[in-house]
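Presented below are the structures under discussion, each in the form of structure tokens.
There are two complexes below, and they share subunit A, which is joined by subunit B in the first and by subunit C in the second.
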Partner chain A sequence: MLENILTIGNELGLIILALTVLAIGFLRKHSAAGYLGWSVAVAGLALLSAWLFISPAIDKAAFGGVYQTGPAPVFFKQLFIWAALLITMLSYPGKQSSNVLPYRHISEYLGLMLFSVSGMCLLVSAQELVMLYVSLELITIPVIMLVAFNRNDPRSHEAGMKYVFFSALSSGLLLYGFSWVYGLTGSTLLPEIRDIIDSSPIAVTALVLIMAGVGFKLAAVPFHLWAPDTYEGAPVTITAFLSVASKAAGFVLFYKVVEGFFVDTAVTYITLTGVLATLTMTIGNLVAMHQRNMKRFLAYSSIAQAGYVMIGLSQPELLGKTAVMYYLLVYLFSNLAAFGIVTLVALRSGREDMRDYAGFSITNPKLALVMMLSMFSLAGIPPLAGFMGKFILFAAAAQAGLYWLVFAGTVNAIIALYYYLIVVKWMYIMKPENGKPRIGPITTPAPHAIVLAVTTLAILLVGILPIFLEWAKSCAAGGF
Partner chain B sequence: MGLLSLIVSIPFIALLVILSIPAKYSDRIKWIALIATFIDLCLSVLLVIGYLGKIGFSGALPSPGVALNLEYVEKIAWLEPLGIEYFMGVDGISVLMIFLTAVVIFCGVCASWNHAHRTKEFFAFLLLLVTGVFGVFAANDLFLFFLFYELSVLPMYLLIGIWGTGPKEYSAMKLTLMLMGGSALIIVGILVLYFQSGASTFSFSEIAQAGIPESTQYWLFPVMFIGFGTLGGLWPFHTWSPDGHSSAPTAVSMLHAGVLMKLGGYGCLKTIYLMPHGAMMWATFFMVLTTVNIFYGALVAIQKTDLKYITAYSSVSHCGLVLFGLCALNWTAFQGAMVQMFAHGLMTALFFALVGMIYKRTHTRLISEMSGLLKVMPFLGVSYMIGGLAGLGLPGLAGFIAEIQVFVGAFSDASISHRIMVILAAASVVTTAVYILRALTRMLYGPMQNPEHEKIKDATFVEKVPLALLVFLLALAGIFPGWMIRMIAYSLTPIFSNLEHASLLTQM
Partner chain C sequence: MNSPGLEHYLIFAALLFCIGLYGIVTRRNLIGMLMSVEIILNAAALNFVAFHRFKFGGDVAGAMFPLFIIAIAAAEAAVALAIILALFRRKRNLDVLSDNLLKN
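Moving on to the complex of A and B:
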């Protein structure tokens, strides 16, 4: 029993941390409690990350094979915890803003997020359908509350409602697909299902249902309709959380239930993923071009980015998995750098429109540089991390002989470059109306500065230093 | 650190230094940029001399073989999961191009000495760009090559967007997207080459030795040729060039037309090297396009009255000649094409520098509003004349060496269609003479119509340096082309070994 508990130590730690942070929120209606909760969350996450880092990443099962950890799960857990850590730091309750939501209830806010993260970590390790489903709900339900956290803002309500409806629908589809799988195989353990399931029409139906459910989580076109409104209405940091951590969890789900189950119907699901990837990239990019609200813009951009990652899903070999995991790592940093700037600007000046950024490079040269680097990394410009990520994704598709998919990806990279350049254009080229920039010089609080420094360094180095790619490759070799 | 890494990294180090200096010390920033580019110029001269020393000034060409004859090789394993290496090494052609780049960037920094608006960022982006360009010519790993290639294209967006003139945002966006569109084709090409050749590295030589299946070459060759051709000004993918070059600030136009378009030609050469079967199949098709290039560029240049547009279209025409020479798939024509890359780089840099300087004095770029300027600015006027004469291929200047070899080489092919195209292309020399001589006479001679222009002063010392250097090199390459042709010929052997091998296979 003790051994079992030690094995799930990471998840237990997260849940204890979440409960602690929540409890701190009840202490007193005083801003000091907010700081305390925030500090505990940061320290706890940093410790957990360090613990994951030093503990050996070997295959280990617990609770009769229901739970299993190994190199690939550890990679994803590390990714989720980093995302949570960076986003917690971005949610730092500054002095001016401690009365605004979500900063007024920062402990509750962070507690909910930590619950969601523990759900993600459980999902990576789940080896059984019911556990898989429960951890999925543990991810989703706190996020619903977080999306609607700004309760005085009607946009946040709308976002919350949309997220509820769509996640309920997707859970339903997924569950329905699971029940077909159970009916076919008579087992709920993933390794057993993998061995039994065949390529009968019923299996293909289950595949389609499950793909649709996963598609919602990934915000893949045509299941993306909830994403833009939810992203726009949610608090900025939660948008970042949704677009980075929650999306990565969607990819884990794909590997567990699509790639894991349907080896026999690989041709079907590869074609399906390739088509979905192309649609997702293209539609995400075409719509993103016209967005002028920064959050909405980043929402569509992250839809398109998920499309690129799906290119890697269509290659079931090692290179494909490496590419997906590496890109998620790269994307985590690139996207959080962009969200860091948008959060900071929204917090300090209340501006969310792209046009407000005219003259930003003159008033805030350093922030503008970070934003430009993150845009270029998202666009895939060498030598930044995003380029390496895309290159390996394309290489994976090329190895599988899917040249049309590589071509679709590169064409989309050009479309994407156009709108990322538009952001750069507003910051660097456009002159503000009547000579006065709408966003004045912004003082960066220390936690924000650390996040921006870390993400910028990662953008610059993850692509160049070979160690990250090798790490992703060795973890991907372990399997799920 | 080897000589090549040093050449590539010096601009980058200078960039880092510049970033650490507060923007108000603009003089220091300029000096750092100037010193860094000057060091690079000296190093590249050393590289030329050293390379010539290694291959000998005369003597036999290397024995036939598919692998490139590289010198100054540096090879370090980098991203092992894909077999990507940090692989630097040069053949004669890349040495020549590195030298050209060093000359042009040094002249470009001199020519933008009076730059006043957001100086720090300007020089930072300029140095980033030139790091990329040096890298492309020194890299021998396809991945590294592509990485530097994109690095040299992207800063252009901001350089034109922030410091340009006229419809700069439009031009900058058009240029960036078209060139990136080209590189999208290239990246597909690189991946197909890597997986189809079965080589476990991205090295040019090894991929060429492993060979690409013929059926793949047939469809991949045009993809990559158009990808590189977009940057090389291939008609009808050249439209970014006139807009981009006329909107860009002086130093940027110099660098872009002078060096970056050469990346396109250089890439096309590598494409031919890697895919000889594809090249033989598609050569005639692309030759037609490049003939249009030469002719069309020259014809449009006749129509234009804006000096920058004239220069930009003449670039399209001259770069067309580079690609034309390549499509001839003939030794002499290849030599000519390579010399043309060098000559056109110098000539165009000279033109754009002069246009910038003249514009600063007259505040107009329309030739109809200028006349009799030779009286007030003899130095600038004479430099312009020498550049113009090199452009129309006057013997004794570099342009002649290039054109004569391209035409003779291409004409020696027995097929009638080739010969007709050569005649058409050669006829464009006349058209070139028309637009160059017209611009010269209107601008420099005749009575001075605008009294404002009486007060114009001739070039200052800082302006004379780059002009004198460029003119000197144009004449040097025209009078003593031997060293250049030796370097080029020495490096053409592997490309021709590959081509001949392929043509033997086809005949059997």
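Moving on to the complex of A and C:
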């Protein structure tokens, strides 16, 4: 028993941290509690990340095989904790009060986010359908509350409403699929299901239902309708959390219940994911071109980015898995750099429109540079991290002989380059109206500065230093 | 008299699933949508119980899963109702399509 508890120590630590931060919010009202809760959350997340780093990543099961950790789960847990740490730092309760972030209730907000992260860590390790479902809801329900967190903003409520219905529908589809999988195999343990499940029509129907459920979580294209509205209405840091951590959790779910269950029908699987990837990239990119609200723009960009990652899903070998994990790492840093700037600007000037960024490079040259680097990395311009990530994804598809998918990906990368450059154009080339930029000089608080420095450094180095790719590769070899 | 067998329950659950899916697509009232989602969840729970009862009697997972589904559906409904209430206070109606602030 004690050994079991030690094995899930990381998740327990997260849950204890979440409860502590929540309790701080309840203990004392007003400003000082916010700082205390925030500091505890940052310190706790940093400690947990360090603990994961030093503890050996070996295969280990607990609670009768229901929970399983190993190199690949540890990789994803590290990813989730980093995302949470960076987003917590972006949520720093500054001196200015603002409607953009819920500063009055920062402890509750961080507590909910930590619960969601603990759900993600449990999801990576879940080897059983009940636990998978419970951890999935542990991820989703706190995020619903966070999306609707801005009490004074009706857009936030509307975003929360859309998210709650779509996520409930997706869990409904997923569960109905699970129930058929259970009926066919008589087991809820994932490894046993993988051994027994066949490619009978009922099994394929169940898998399609499961795939639809996972598609909602990933915001893959026929199921993406909730994403832009939810992303636009949610508090901007939560949008960042949704588009980075929640999306990565969706990919974990895909590996566990879609890729894992498609054993005999490999050709159908490759075609389905390939078509889904192409649709997701294309629609995401084509609609992103016309967006002028920065949050909505980043929402469509993240839909398109998920499409690229799905190219890697259609290659079930080691290289495909490596490409997916490596790209998610790259995407974490590139996207959070962009969100860091958008958060700072929204926080300090209340502006979210792309046109407001005219003259941004004159008033804030350093921030504009970070934004440009992150846009270039998302677009995949060498030598930045995003280029390496895309290169390996396309290489994986080519290795599997899916040249049409490589072609679709390349065409989409060119379309994406166009609209990422629009942002750079507004910042660097467009002259502001009346010669006066709408966004004045922005003072960057220390936590934001650290986030921007770390993400910029990562954008520059992750693509060049081979150690990150090696890490992803060695972790991918472990499997889920 | 034949007592209902596995197929009857499965067909009933499939009907429930379809009703729920139809409801969530066609309903414009938020409460109606919430009910449709709950019907889908119940279809899944019923499937689990039916499989447990008629096929895998020795395996407790099939009997246990619905309990988790019910508990989590309750949590989800609580959050959904809280959001619906907040929306209702502002808009004074529960129509999904009326004055959306976020463009579709």
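Operating definition for what follows: the second predicted complex is superposed on the first by the 476 of 480 C-alpha atoms of A that agree within 3 Å, B and C clash if a C-alpha of one lies under 4 Å from a C-alpha of the other, contacts with A are read in each partner's own complex, and residues count from 1 in each chain.
The working rule: contacts are C-beta pairs under 8 Å (C-beta built on N, C-alpha and C of every residue); 3 or more make two chains touch, one makes a residue touch a chain.
For clarity, every value in this text was computed on a predicted model and none was experimentally measured.
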| item | value |
| --- | --- |
| First, second, both or neither for A:P383, with subunit B first and subunit C second | first |
| Contacts of A:L110 with subunit B and subunit C, given as first, second, both or neither | neither |
| Touching partner for A:V411 - first (subunit B), second (subunit C), both, neither | first |
| Touching partner for A:F394 - first (subunit B), second (subunit C), both, neither | first |
| First (subunit B), second (subunit C), both or neither touched by A:Y403 | first |
| Touching partner for A:V181 - first (subunit B), second (subunit C), both, neither | neither |
| A:V424 touches, of subunit B and subunit C: first, second, both or neither? | first |
| Parts of subunit B lying in touch with subunit A, wherever the complex brings them together | 78-82, 143, 146-148, 150-151, 154, 157-158, 161-162, 168-169, 172-173, 176-177, 180-181, 184-185, 187-188, 191-192, 194-195 |
| Contact set on subunit A toward subunit C in their complex | 128-130, 133-134, 137, 141, 144-145, 148, 151, 154-155, 157-162, 164-165, 168-169, 171-173, 175-176, 178-180, 182-183, 186-188, 228-229, 232-233 |
| Parts of subunit A lying in touch with subunit B, wherever the complex brings them together | 319, 322, 376, 381-383, 387-388, 391-392, 394-395, 398-399, 401, 403, 406-407, 410-411, 413-414, 417-418, 421, 424-425, 428-429, 466, 469-470, 473 |
| Subunit A-touching residues of subunit C, taken from the complex the two chains share | 10, 13, 17, 20, 24, 30, 33-34, 37, 40-41, 43-45, 47-48, 51, 55-56, 59, 61-62, 64-65, 68-69, 72, 75-76, 79-80, 83-84, 86-87, 90, 100-102, 104 |
